[in-house]
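Chain lettering (A, B, C and D) follows the sequence in which the chains are written, and residue indices restart at 1 in each chain.
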Amino acid sequence: MTSSPAIQLDGVHKSYGGGGAVLRGIDLEIDEGELVTIVGPSGCGKSTLLSLIAGFERPTRGHVRLHGEIVDDKSPRERRLAMVFQSYALYPHLDVFENIAFPLRIAKLPAAEVKARVEETAARLGLSALQRRRPAQLSGGQRQRVALARALVRRPSICLFDEPLSNLDAKLRVQMRAEIAKLHQELGSTFVYVTHDQSEAMTLSDRIVVLDAGAIAQAGPPMEIYERPLSTFVASFLGSPGMNLVAPEALGLEGTSVSVTVGVRPEDLRVTREPSPGSLPARVYVVEPVGSETWVTCERASCRLVGRAEARFDARSGDTVHLRFEANRLHRFDRATGARTGEPLESLAPAGD
Amino acid sequence: MTSSPAIQLDGVHKSYGGGGAVLRGIDLEIDEGELVTIVGPSGCGKSTLLSLIAGFERPTRGHVRLHGEIVDDKSPRERRLAMVFQSYALYPHLDVFENIAFPLRIAKLPAAEVKARVEETAARLGLSALQRRRPAQLSGGQRQRVALARALVRRPSICLFDEPLSNLDAKLRVQMRAEIAKLHQELGSTFVYVTHDQSEAMTLSDRIVVLDAGAIAQAGPPMEIYERPLSTFVASFLGSPGMNLVAPEALGLEGTSVSVTVGVRPEDLRVTREPSPGSLPARVYVVEPVGSETWVTCERASCRLVGRAEARFDARSGDTVHLRFEANRLHRFDRATGARTGEPLESLAPAGD
Amino acid sequence: MRRAWLWFGATVMVAFSVAPMATLVVASFRPGGAPTGAVSDLTFENYVRVFETRPFGSVLLRSFVVSSLTTVLAITIAASAAFALAKLPVRGARALLAFSLGISMFPPIATVSPLFLVIRALGWRDTVQGLVVPYTTFALPLAIWILATFFRDLPDDLYRAARVDGCTPWEAFVRVILPVAGPGVSTTAILVFIFAWNELLFALTFTSAPEARTVPAAIALFAAEHRDPWGEIAAASTLSTMPLLLAALVFQRRIVSGLTAGAVKG
Amino acid sequence: MRRAWLWFGATVMVAFSVAPMATLVVASFRPGGAPTGAVSDLTFENYVRVFETRPFGSVLLRSFVVSSLTTVLAITIAASAAFALAKLPVRGARALLAFSLGISMFPPIATVSPLFLVIRALGWRDTVQGLVVPYTTFALPLAIWILATFFRDLPDDLYRAARVDGCTPWEAFVRVILPVAGPGVSTTAILVFIFAWNELLFALTFTSAPEARTVPAAIALFAAEHRDPWGEIAAASTLSTMPLLLAALVFQRRIVSGLTAGAVKG
């Protein structure tokens, strides 16, 4: 292990001829052995960031360093990273064994070692029985495993993941997610994982980097970002359903001197049929049962708020329900800039409606 | 309103030359004004089912009836349904107004009425300002709205949805889901909604039809299916994370004379650091924080179980944790057939470990 | 390395296609078509003679009529056929397309004599249809193939959406598929036009009247005359490329985007 | 309606391509090449004469050598160029491709005379390279275009994956792109081979020795002889289609799937 971070981005800009900048001054250090997810809506530049690290493109300004060394002009081959692609990118003319063996064959390893390492990796990913199949004969989940095996067979110190699970169905996605987390624990490699799915970012990461329009909106451990989002963008991006962001009046709060937007997470907003002390009445807009609980979208002071009710919550559109929340679960943002402006709104006393 | 169901499938089989059957004897009635989701993993035949209703294909055996009339030999044009496609299928050479107007123009409505109805529909879907844009200039969410508007402008009595939200990102998907539910309430049309996403099915539907390998595995209201799944397939398909299905021993239960698989939903399996009366010890496999709670995958008696812990649950892989559940939240399935075999396992007393 | 190849390729291309073309144009402006000489020698004499001593005006017209008719006919048939192949579930479509492509690949020199008997039997020698029908037949398979490739790239849902929206298959074709596949259709039309415009063998065999010839046939027969017609050949050749050049200039963007659609990165 | 069109189309196709082909094959087995007559009249006389009184063996060989070399050369260059166009970010790639396609579309009759001067100056008359080089030049643009279309359809990630796995661009091309695009490459190769095999005009102009001719040129010159060679023309034509037919039979599945890939539903 060296003392330099595994990956270091120094003021990386990227723009394509004519168009605006895709990445605007990214500074990021990723330590040896970390699992960092880069997350953001489509078009935020996250795939470009991965391309720059992988070496498919070079930064317009700034530098990419791997293990301390500037690699801007190095080809992907020289950077010796591994990568898992969204489309899997398996070689359709090769069988599973040869797909996994491909990087070793290119590296001209002796046949015996190739065989040993491929078989070990295949076994680890539960592919031993499929080694002679062609990619076309595999299911989506099996292809995903082959892609993982091909990336990991070289025992790379850095492995990049470009939305690797987004072509799988929901069930398999949750399962593979856990397996990738497990692989990371076992291998100790540095994983950089790009996704647009906040739930993958939340569950997998040591650290999340939220990108917004080519710049880092926030970076930190998942729960820190979740509990203390630095902007309305981050607040609404993480969590499902996302944080409610409304005028203070909608939550029965007095406005302070500055214009603020108040945020409250749906799970912190209890919806009940009966009023309770301090609860606020609201009209039901739509009710969405998810099995273990029910999400209720309500209208109040011309704002929509999503709150949580119990599993078999029975209400129809137009009914009156009651909302309750704890003041220390509120977030406060500047209405103009969207930036977090202070600690949760304890100073604002809930008012009667 | 007629007394016949809006859509009726009578023993519908569908097979393609040479291959096996894609649909095997589907019997289904969908009432006027219902919102029915057809859900299942990829390859279960749900898109074929929609194609048969829309009239792109005809059943190999059995009949499709719309409002009581057999329509097997009618073209999509004659069936007068509307449909929203996964790819949106907007006409790229027409602007938003003309896209929405297209079905009315084909029906040769007078220009003034076309204009009035398109503008009303565009307004309802928040597209008024975009009427002169081409589809290529729209975002994914806007395209989705145009596709919805084009389907609804004809005020169809039946509207089909073929995974309409699967190309949107998670945030927008949740938002559009609520809007579709709202549109259904307002319009009172019959909606048939195909999806592979169980959460869409749970939140949207009056009734869910779960398809498995071309046959109906279960049909009923969302909460009924969620709380009383008739097979392990349905049990594991609905809910996220899906139901744990394990040998009775893994939950410290005595096996009965028949071979059973026991199911428990992750939200019914509390994970704590400290033991409590009746709790079972287990080893942590992987920990996944999702913000509002933490999903913990544990290993016990060589089975994996996912349970729910509080938001900032701090455990590492290999730690020992404790599982607690209520006996009346257990489900029992026949191990061989996967079919539900009886009421929740109250008769089986939890045993010491 | 890559640069060296590029230069080598460019040189070969210049030597064997651009240079001959340029020589030709220069020669067309010189007395007697001498390829070299002083700049002051430039003359329009060859162009004048092409029209004065020969029926080159009617030859140009005939070429234009034959090529245009072939294009319209071939594209109309090919577009419908390609649409059916690409979007409707036609049984044996692959085999049919492959068979017809195979037919069109047989050496023209081998079919020209029996085809001549057919044309003569129909009394179509020196007629427009005597060229348009065989040209269409031979252009059709490739036109169908190219169009089907373009149509196939259009998502199926587009056609299905049009059907659900109340279109008959024909309406869906005319109102949705055809406009959306516009660049592909014009590209194919241009390819067919060029094929018909350049075709020599059938034109030479199926026409005998000087006025009924197309441009390539007329040029080929200049050489068969008693005196040396080099300057006139150059002038006629240059003239014959004019319509193509004009069309290329007018439709430049469409052709480039049509021809390179799907073939070039970015 | 649809059926009627189908029958009409089939009839035209039979009348103008299948029927002449069939006539030709029948005529090749009759004395003097008479198109009709009793079945008992069948003879191999025409075939024997083609080889005994003419150098048709060496003509076939020459055709084969020229076409094969053209194919190998054109595919090698075109595949690399198409790969660069389709997968590497080459500046001006579209314009370059469109320009070269444009060049290859000028009437061959217009370029044949100046090209003749080039060939004569290089001393390439009656040589193999005198045909292979111009053929390659003219086949290249279309070959690049078709191959680039095939390569473009391959996902970018495939190339990127090969690069990450340690390949140089060339290794990625040879070990991944080329094998995966196999059907497209063979289809293009066959098209180029057929073009070279059937080409008449250049072959006629750039060769004069009877042994240096290719098949179409040789057949064309049969007709210029003193006695009536109809039977021999038929025999030679039939023979000349044999290699194509054989190739078509051998590679049948590949050709069909290559030609119809992306063009036909299902």
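Criterion: a residue touches a chain if its C-beta (ideal position, glycine included) is under 8 Å from a C-beta of that chain, and two chains touch if they have at least 3 such contacts.
From a predicted model like this one, the values you see are computed outputs, not experimental measurements.
J.: Could you work out how many touching-chain steps separate chain A from chain C at minimum?
T.: The distance in steps between these two chains is 2.
J.: In angstrom, rounded to a whole number, how far apart do the mean CA points of chain A and chain D lie?
T.: 54
J.: Please report how many Å separate the Cα centroid of chain A from that of chain B, as a whole number.
T.: 24
J.: List the centre-to-centre spacing of chain C and chain D in whole Å, with centres computed as mean CA coordinates.
T.: Computed from C-alpha means, the inter-chain centre distance equals 17 Å.
J.: From the mean C-alpha coordinate of chain B to that of chain D, what's the distance rounded to whole Å?
T.: Once rounded, the distance between the two centres reads 54 Å.
J.: Mind pulling the residue numbers of chain C that touch at least two other chains?
T.: none
J.: Going through chain B residue by residue, note those that touch at least 2 other chains and give them in order.
T.: none
J.: Mapping chain-to-chain touches, which pattern fits: line, ring, star, complete or other?
T.: ring
J.: Between which chains does touch occur?
T.: A-B, A-D, B-C, C-D
J.: What residues of chain B sit close enough to touch chain C in their complex?
T.: Checking each residue of chain B against chain C gives 54-56, 75-77, 80-83, 85-93, 102-103, 106-107, 150.
J.: In the complex of these two chains, what residues of chain C are touching chain D?
T.: Those residues of chain C that touch chain D are 2, 5, 9, 12-13, 15-21, 23-24, 27, 35, 77, 80-82, 84-90, 93-95, 97-98, 100-111, 113-115, 117-118, 133-134, 136-138, 140, 145, 148-149, 152-153, 194, 197-198, 200-201, 215-216, 219-220, 230, 233-234, 237-238, 240-241, 244, 248, 255-257, 259-260, 262-266.
J.: Going by the contact rule set out above, which residues of chain A touch chain B in the complex?
T.: Residue positions touching the partner: 41-42, 140, 169-171, 174, 177-178, 181-182, 185, 196-199, 202-204, 222-223, 226, 236-242, 265, 267, 285-286, 288-293, 295, 297, 311-312, 317.
J.: Looking at the complex, which residues from chain D come into contact with chain A?
T.: Per the touch definition, chain D meets chain A at residues 155, 157-158, 160-168, 171, 175-176, 179-180, 182.
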